[in-house]
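I've put the structures underneath this note.
Both complexes shown next keep chain A, but they swap its partner, so chain B is in the first and chain C is in the second.
Up next is the complex of A and B:
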């Protein structure tokens, strides 16, 4: 397997689209329930945890870009083989493929659950899983440009959903945020950890990197994308904390939709129906990106057609959807992915980038000493 | 295998073979090739025992110019001997060429040329005295305008080129000859401004047209369908227009146009999705009016797709969304309706489509009566009979109106057609169904290309400078560049600084 990937000129995307890519992959089903989960860990200082979580992901993202820049135009599949060797590298590649497939699965299942809870309680899971998987496959078949396009339109098309939150803000009580920093560090750190599931997705940059046209600007735009997400998440958490009463938030599984519930227009009530429907556009780039990156592995590791890989993974996820029947199973899987994601999106890239830096430094020294002697 | 090879060789020889050098044999040869063509005429003259023959298809030539410019000079010419050379000197006709290949002669006869052959000469003369039936210039019918030039193309290629040339007096305007079709070869022109249009776009057009292996292409709209990037989709990817000023505006923005003989419309590309919602009127109006109208059009198209499915979704699954005051009136009007909302909506959409189609097929005078019969009688009666609700009638009428605002008739039709599957999906999954089809259309549009360029161009890949040309409309002083979407070679329309200059107070 070649470490570097040189796609055709026509497949490249502009660097500033990385901003949308990062933001779209981070924003997904996670944000809907994020305020509650973090609130349970860090109480009314939850927004600080979310903000710190965003900072943490910025650091990881910076390390990632640093690592990617050491190569000419490589993706994670290539880098792992280059650093860890053929066997261990490919084993990690397969692990990463599995992780991304499971992430895809969890996003899909979480959305289906939301739909079933909020709109159609009687709708069988497969009836909504099949169309969504097919739609994802249709998008992924179009290649990276289409997927980044979906991410772009997802961010542009759902910006207005944020402004709808102005309505619940009018009923909010800012005093809920006080006293500031009342929670001890342990709980805040725990909150940061809980935030990680929602912030996951930026690790996909390691697969997008070869397809970016101006590689020098990747750092800037990826940081901007992450900053936007961080501000957005912190804001939403703050609104949730101030809007709900002290124990109300802990008992509301999807606080964002609950807040949409009170939005009232003269010809439209119960805004959450629109919110839930529109969330499909929010999760679309998530599913597309994960499926694309995972199926890319088929091409990179065993040189299959990526097209076949897409269908194999799609089928796999569809079969998997039958195994989840109850809410507690969903919770278990989501927690599992949260742990997996914390390792593979936050810890592992840092580890790998340190390895890469050490390796490159070592090689350079070796080369320098060879030149001297 | 050997046999086939020789056979090929023979047919090749046949192609290259000059016709018989004897006048009588030539006649029978032509007769044999053109077949039982009753309008193939011969006129033979004799002088000093030397024969001269004029061959022509009487339906295609202009009788008076034939008599005046071909027969008369030959008959009156008494001094010189009849040879091809001498005849070529005396014929007062601009388009003259020499030929002796049977195939070439036949092809030219079909184009409306006359063939003059002197007995025993190695070559004959092809003289163009053809005429075609043409209508005079008229107002545009399918793309009607309130404001701006109203002249439209006709079926004559030469006439159409004349209009474009006189609209666009640019020495760099290129008109390349192309032939369209394999069996019936229709002449056409590839039109572009040489130092503006991107070479790739021109090449794509040229290559796609020349590689077409199709027997007969009746019109540019058909040609457009054949050279499109994706023929499965419902969305048109190449614009077809009958307005010459639309073509010239596009040419100056770096697009490439194709015209064909006997076709009253031109096609041009690359035309991204949003360009189908641009009217030439936007350019002729003041910029703020143009901006308003363009926004109006895009919003109305959006509503046209969304309104009926939203009605179906809300009334089938999400009653909670409607505020109670509105719910009462909705409930009252729907109380008599025995169908589920999906069926009701599909039925009424079907009626509207019927009205439109019937109105389009009927003569204009009856067409207006159609509108009254359909709109008032059916609409009113349907509500009173408890067939549909009042509110649905309003919604359907609104969405029909919205779809008609598209300046491109084909795009309007596409918009009306995609509504049906969305209505069905809304009936199946409510708001989720609508959002699903919305996502699908978005991905589908992202996947499409027009002449190899992305279909959603100024929006994705994002070119904010081009938004002033497509989605929005900027004042003229800010549009100092040509749209990047078409990758123009010469990008500058006027110096940027000149547009931005501002006078100081009292200067």
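Up next is the complex of A and C:
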């Protein structure tokens, strides 16, 4: 396998789209439940945890870009083989593929659950799963430019949903945020960890990188994308903490939709119907990016057609959707993916970039000493 | 331009097909086949049983009466819905539920299990009004049958409460606010009490809750002070009564109608009240709260001629208002303290200053007994209408 990937000129995307790519992959089903999950760990200082979590992902993202810059135009599949060797590298590649497929699966299942709870209680899982998976396959079939386009469209198309949160803000009690920094460090750090599931997604930059036209600007735009997500998440967490009572937030599974519930339009009694429907637009780029990056592995590792990989993974996820029936099963799987995600998106890239930096430094020194002698 | 692949076209058509087909697979709900429950009432009926009464709005062009009242018995509120369905030719749905009435008996025992079922059900909105019946809930909902279905009670009750919330008469009793106050440690909910008057339903007062059970109720006069403490007024109205002696100083002596007083007391009505209340914990150790109330208002009516042209007399009246309001507010705060209820949210204020371990409900209940207050009321009469 070649380490570097040189796509055709026509397949490249502009660097500023990285901003939308990062934001779209980070914002997904996670944020709907994020305020509650972090609140249970860090109490009313949860927003500080979320903010710190954003900071942590910024650091990891910076390390990633640093690593990617050491190569000319490589993706994670190539880098892993380059650094870890053929066998271990490919094993890690397959692990990463699995991780991304499971992430895709969890996003899909979480969204289906939301639809079933909030809108159609009697709609069978497979009936929503088929159109969603097919839609994703359709988008991924169109190639990376279409996927980045979906991400762009998703961010722009759902930006107004934030402003709807002004309505619940009128019912907010800012006193809930006081006293500031009352939670001890241990719980805040735990909250940061709990944030990881929602901030996951930026690791996909390691697969997009070869397709970016101006590689110098990737650092700037990826950081901006992450900053936007961080501010958004912190704001939503803050509104949730003030909107719900202290024991109320811990009981609400989807605080964001519960907050939409309070919005009432003259000809539409219940705004959350719109919110849940529009959320499909929010999770679409998530699913597309994960499926794209995972199926890319088929081409990179065993030189299959990516097209076939897409169908194989799509089918796999569809079959998997039959195995989950209840909320507690969903919880277990989501928790598992959160742990997996914390490792694969936060710890592993840092580890790998350190390895790459050491390797490159070592090679350079070797080369320099060879030249001297 | 990239060629549009055949497989893509195929995918697109399959995608849209499945979406169209699955949209038809969902249970359909045509409006004519639905009975919309607009209001429900709950009563205790014997042991381990509740009696549910529901007013159902129908969209049946064949029948004259647009509403129907259904009574049923069950153990849970969802069980009630099943029982009610047996009595209806249309499928009963709760998406348009506007208000819920709990009987006084039930409210005294606690209503959280019924409120929780409203929370769990995603089809029920967050802005449903919760109310307490003066006697039984069925008594109130029976008005619908007494009026032969002309009143449309669900909408009527909704508007009754909404109008009064917007008119700043009562505190908004939505499901969301009840939840917020119930699940908050340092605050307790309040809900309006409804009463039957002839063939009509009226708001008789406000019920004060401790957690989820009704403890006490406030009548019309005290509502003003409760609202001042919990909320703020944008354009409130209040009448204050004084004995002739108290206001002798500023009465106009030689005005005609003072010679023959109509009332034995003097009443002053102030309106356009804009109030701001600040509750502050001034002494954390001794639990001393400072309550600052600022009221801007205008005098629009008095039952005796008062000389409000002079600055000094306006100031005098302001002082009088201050002292009498202060007395009432203090009385109310002490009453809350003795009952152990905290509708104002003093606990929240305390919590906001509390570092370290968060307080539990029991701890706050114990601490609440030692709370002391420092009430300061400041009235400003901005205008006296178009005459002095």
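Everything below uses one rule, namely that the second predicted complex is superposed on the first by the 373 of 373 C-alpha atoms of A that agree within 3 Å, B and C clash if a C-alpha of one lies under 4 Å from a C-alpha of the other, contacts with A are read in each partner's own complex, and residues count from 1 in each chain.
Criterion: a contact is a pair of C-beta atoms (placed from the backbone, for glycine too) under 8 Å apart; a residue touches a chain by one contact, two chains touch by 3 or more.
Keep in mind that what you see is a predicted model, and the values were worked out from it rather than measured.
Legend: residue contacts after superposition of the two complexes on their common chain; A:269 is shown touching both chain B and chain C. With both structures placed on the common chain, the touch criterion links A:318 to neither chain B nor chain C.
Using the contact criterion defined above for the overlaid structures, shared-chain residue A:43 touches chain C, although it does not reach chain B. In the superposed pair of complexes, A:131 makes contact with chain B and with chain C alike. After overlaying the two complexes on the shared chain, residue contacts for A:193 are found with neither chain B nor chain C. When the two structures are aligned on the shared chain, A:281 is found in touch with chain B, with no touch to chain C. In the superposed model, A:122 makes contact with chain C only, not with chain B. Within the superposed three-chain model, A:171 lies in touch with chain C and out of touch with chain B [touch as defined at top].
When the two complexes are overlaid on their common chain A, residue A:244 makes contact with chain C while staying clear of chain B.
On chain A, the patch touched by chain B and the patch touched by chain C overlap at residues 119-120, 123, 128, 131, 135, 138, 142, 264, 269-270.
Contacts from chain A toward chain C in the complex involve residues 10, 43, 117-123, 127-128, 130-131, 134-135, 137-138, 141-142, 171, 173, 175-176, 178-179, 182, 243-248, 251, 258, 261-262, 264, 269-270, 272, 307.
On the side of chain B, the complex with chain A involves touching residues 317-318, 320-323, 326, 429-432, 434-436, 438-440, 442-443, 446-447, 454, 456, 460-462. Residues 13-14, 16-17, 115, 119-120, 123, 128, 131-132, 135, 138-139, 142, 145-146, 149-150, 152-153, 264, 266-270, 273-274, 276-278, 280-281, 284 of chain A are the ones touching chain B in the complex. Residues 2, 5, 7-8, 11-12, 14-15, 18-19, 22, 25-27, 95-96, 122, 125-127, 176-177, 179-185, 187, 345, 348-349, 351-356, 358 of chain C are the ones that touch chain A when the two sit in their complex.
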